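Letters A, B, C and D mark the chains as written, and numbering starts fresh at 1 in each.
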Amino acid sequence: MVQVKDLHWKKDMRVSELVNSYENVGFQSVELYRASEVIVKMKKDSAQVFLTFTSNMVTSGLRGFFAQLIELGIADVLVTTVGGLEEDIMKATGEVFSIGNFNTDDVELHERGINRVGNLLIQNQSYMNFEDMITDILRKLYAKQNRWSVSEMLREIGLLLDDQNSILYQAAKNNVPVFCPAITDGAFGFHLFLFQQENPDFIVDVVKDFGNILLTTSYDDRKGVIALGGSISKHHAILATLLNGGAEYAVYMTTAHRTSGSMSGANTSEAKSWGKVKDESDIATVIGDVSITFPMAMTRALDELYEEGLLNIENK
Amino acid sequence: MVQVKDLHWKKDMRVSELVNSYENVGFQSVELYRASEVIVKMKKDSAQVFLTFTSNMVTSGLRGFFAQLIELGIADVLVTTVGGLEEDIMKATGEVFSIGNFNTDDVELHERGINRVGNLLIQNQSYMNFEDMITDILRKLYAKQNRWSVSEMLREIGLLLDDQNSILYQAAKNNVPVFCPAITDGAFGFHLFLFQQENPDFIVDVVKDFGNILLTTSYDDRKGVIALGGSISKHHAILATLLNGGAEYAVYMTTAHRTSGSMSGANTSEAKSWGKVKDESDIATVIGDVSITFPMAMTRALDELYEEGLLNIENK
Amino acid sequence: MVQVKDLHWKKDMRVSELVNSYENVGFQSVELYRASEVIVKMKKDSAQVFLTFTSNMVTSGLRGFFAQLIELGIADVLVTTVGGLEEDIMKATGEVFSIGNFNTDDVELHERGINRVGNLLIQNQSYMNFEDMITDILRKLYAKQNRWSVSEMLREIGLLLDDQNSILYQAAKNNVPVFCPAITDGAFGFHLFLFQQENPDFIVDVVKDFGNILLTTSYDDRKGVIALGGSISKHHAILATLLNGGAEYAVYMTTAHRTSGSMSGANTSEAKSWGKVKDESDIATVIGDVSITFPMAMTRALDELYEEGLLNIENK
Amino acid sequence: MVQVKDLHWKKDMRVSELVNSYENVGFQSVELYRASEVIVKMKKDSAQVFLTFTSNMVTSGLRGFFAQLIELGIADVLVTTVGGLEEDIMKATGEVFSIGNFNTDDVELHERGINRVGNLLIQNQSYMNFEDMITDILRKLYAKQNRWSVSEMLREIGLLLDDQNSILYQAAKNNVPVFCPAITDGAFGFHLFLFQQENPDFIVDVVKDFGNILLTTSYDDRKGVIALGGSISKHHAILATLLNGGAEYAVYMTTAHRTSGSMSGANTSEAKSWGKVKDESDIATVIGDVSITFPMAMTRALDELYEEGLLNIENK
């Protein structure tokens, strides 16, 4: 049985050391350590990893971290929402977001042409610049073909970008498909609509894309889900693995609780009902803000996977 | 200035009386009272009302309540996720769900062929019955045309049902469009995929449907949003109203908090930044489980709207 | 097995009807119904009921509701924190609190001499009036004896008040002891300190009072705990019942979750480990704001206890 | 204005580096960085630091971390609850706690003589060993004098221990007073009661101790509060500083939200109303599990304070 042990600071402690000590601290710190362990296990076991996150995480500085994880070969399939993808493109084309405050005068911000996402701030101008660009991109896509599945469209967009920190760029470059089951739920959707008004035979084929996500893995693949936040991204990855027999590994990090019965708050104990999870050490649920918990758990996992030679780094 | 007043029980108190007394109690009870007031205001002002909810709410007994609200003329536009719509259809065709417990042995449930959604239980057989039916429905739709927007497809399905308690039935009957921006994110998506495999020209046109939701209201309409829970349903309704200039009224009921920066936790103070909310009395955010808070706030609102003759009841 | 049933509004619905329908809705509404049932059960079984609440609830309009519950014979023992007792006294002597907003300019409020507790506002003057009065009360107590246990002191204060809506007044009048394990943690503590400076032999005997709470019940009594919010009040009641063998019935209503390992978030499943809870129907945990959930659950319980003739009402 | 910047992993990253990068990530990670900064600021400004924590944190491995912080000279005053102090003594006398699971069969644990605190497990035997010891300690204290303030009693107990990882030991050795406003709310209270039964003139003087905490600082001292979790410990520290004019610096780390109006969820924006906080950079509220967030924020602060020569380390 794992014992509770007193935590100690020492000078210049590494993140991995601190997360290791969390194994013996208690409450959510134990779960964070376990999450890190499960991620290492799923990679060592060559599981196909579904990484999901919500738009606001891409608004934050986690965006470049997700791009790096793709580059390092951590994720095989991405699922997210369209707002984040729009912001990934904005950032890839030079837009800069800034840090604000949760308590703000929203009317004043509005007058200054600033949008607020929690404690992050986005200039209206950034959205306008995005809109100027997107029609041109759609025109290029349409010139190639008139019917696109979402992930194929996103891959094309990724190939047009040139930013190491971009999720879409790294995903395209590393052949990691990006699924976005509600592609119209953002400014992008509005521009798709305007474009279709002019080109009625332009079709975004979401049905085909559901086939695409199903075909990313088979029943025989080992599968892992890392779901950050809740919402449709989490549900879609769970659904896609479930239709292929369920995942062997699952890490959920969220601020939502199981008590409301929502998907966002569903914890990994459900994963046991899929019949493929072997034991408790293959699943972990960490309650807390992903902007804190995920970089910690992942940093330790990356340090360990690096030692094992399991990261996609050229001249190691 | 509103005073804090001592709450008192009296025999056989009506819900409206209790909610009225909440105006003077404090904390979230005040917000619940305010939410009820904002709903009354938006209806009196003839605002177009967007009602959004998450799938798990349709799993629960709120499903029949939503259907009733459509029948009574409360909602003009619905936005939700596909899992709930599947369950609405299951219930309309006789499937029965039951009440369980948050603390359960999920492995054992799995062996008994039962799925758990929080403290609600669904038999696997219910999904199978749904699947038996859905292909036949798709065949009928395809016989009419090969390209469907989501809301038009859902309307057709609603017309095939015969259950006063069904959301899709009441929506179809009362010409209330149901939007579902991620239509493939459920068993329904899997069957759409299988059907398209056989009929490659079968298309679900989500882009057209984004146009449809935009056209439900105009810039000049007064608009109100009642968002229950978070997720993409909430975001989609806010987006659709925002592209038409923003809503004048907003009620958010959720268990999520603003501190994670997620859409689910975004509160109505943001609505002030849309520039159309006139004052604090037009918005309310209630933190709490919607299964408790919404029926309370709505019951008082309905009682009042009934008195005003603003409910869609034939022989009042 | 309890089925999920569609909820319906009808005109002038009573609170009891709505809570009854919650049995079949799902998520926290089910728990709220169960809580109501457990309260009825503990009263029918003549259990000794420990009611605990936090100070902010007394700031709110729940204060008069608690007083009424004492008058109706619902609670046999109270445990709370001193801030609420100070405010009960303030209100009993005419101070009026008002409803504000969670989002406020606290610096401006400070300049206007107003204190904020969530969305409730208290004038500094109210505290000053309290302070003017309290020294006089201490002088009277000291004239009787120099060593007081907390509950005996609070009883004396209650006898000096004249307000049907006062917790201390009703508790004193109905011989319900009020325990406050951290009596110095408020303005009252400061005045006790000043008084002791002048009268060094003045003693507040908290050790004796722990004996007093132990002696309110015996091992053989059936016991029930209704804990509203968390903190030391909840813990103290659980401890006092546990030292007498544990409670047979427990209802916890709180916004805290079990995931942090705190007492505030501990749920009633722990109560099963006391060995006296007979089955699941004797315990309930409701996650949500007590200002909403408690009046609902309690109103239904009171309606039912009234019918059973179990309320302390003279000319029923 | 601070910009959002993409986070990157690099091999063997130090905790301080990760926390530094959090300044540019967003949501709670920004708040965690700010908390770390405020702690550094309060120490550089020679503020008197009140550190408060709840019992469950002492159950966890944070206990040795708190002891270390006292040794390093971070905290000048401690406020906590009695359960944690009991467990500090248990651990100091060799008892070992272990890591369990939030989902457990509590009835089975009970039969095995194990108590659960979230996901931590304590043997009943550990409590029994504590009880065997405590009466002997009380006898020694009583032999010296019959009337004790709480902090003086806790100091005497600390002097009897011999464990570098003990909070009470380090506090006693470093002249850091430990305040515990509800000293009877635990097994310790029960033994105080039994002891007083035999020795009626034995008195625990909580009123005097309130004077003691007031006298730890003066109006002219700069003061800082680091409140971990909520409850009475947090409130007591805020009260004690407020009666001396308010603190200049405040860091709150908690899982509770402001929306319930509880002390546990009150955020540091209130601190601005004390009139002494100079600007936003002197306060921070971090929402999240303290077992994760506090070691992170504190590790970076300690690294920086070490560089500045502000830690109490002999042969630096």
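Heads up, the rule we're going with is that a contact is a pair of C-beta atoms (placed from the backbone, for glycine too) under 8 Å apart; a residue touches a chain by one contact, two chains touch by 3 or more.
For each chain, UniProt lists the protein as follows: A, B, C, D = Probable deoxyhypusine synthase.
What you see is a predicted model; the values in this text were computed from it and never measured.
After Cα superposition, the angle needed to carry subunit A onto subunit B is 180 degrees, rounded to a multiple of 5. The greatest centre-to-centre distance from subunit C, using averaged C-alpha positions, is reached by A. Shared numbers divided by all numbers used gives the overlap of an interface; between subunit A and subunit C this overlap exceeds half, so the copies present the same residues.
Inter-chain spacing, taken between the CA centroids of subunit C and subunit D, is 26 Å.
Computed centre separation for the pair subunit A/subunit C is 44 angstrom, with centres defined by C-alpha atoms. Averaged C-alpha coordinates put the centre of subunit A at 36 Å from the centre of subunit D. The set of subunit D residues touching two or more other chains comprises 26-28, 56, 59-60, 103, 118-120, 257, 259-261, 269, 287, 289-291.
If you sketch which chains touch which, every chain touches every other chain without exception. Note for the complex: subunit C touches subunit D at residues 54-56, 59-60, 81, 83, 102, 106-107, 109-110, 115-120, 181-186, 189-190, 192-193, 196-197, 202-211, 214, 229-232, 235-236, 239, 243, 255-266, 269-270, 272-275, 289-291.
Interface of subunit B with subunit C (complex): residues 1-9, 11-16, 18, 21-32, 56, 59-65, 67-68, 72, 91, 96-99, 101, 103, 118-121, 165, 269, 280, 287-293, 295-296, 298-299, 302-303, 306. Residues 26-28, 103, 257, 259-261, 287 of subunit B are the ones that touch subunit D when the two sit in their complex.
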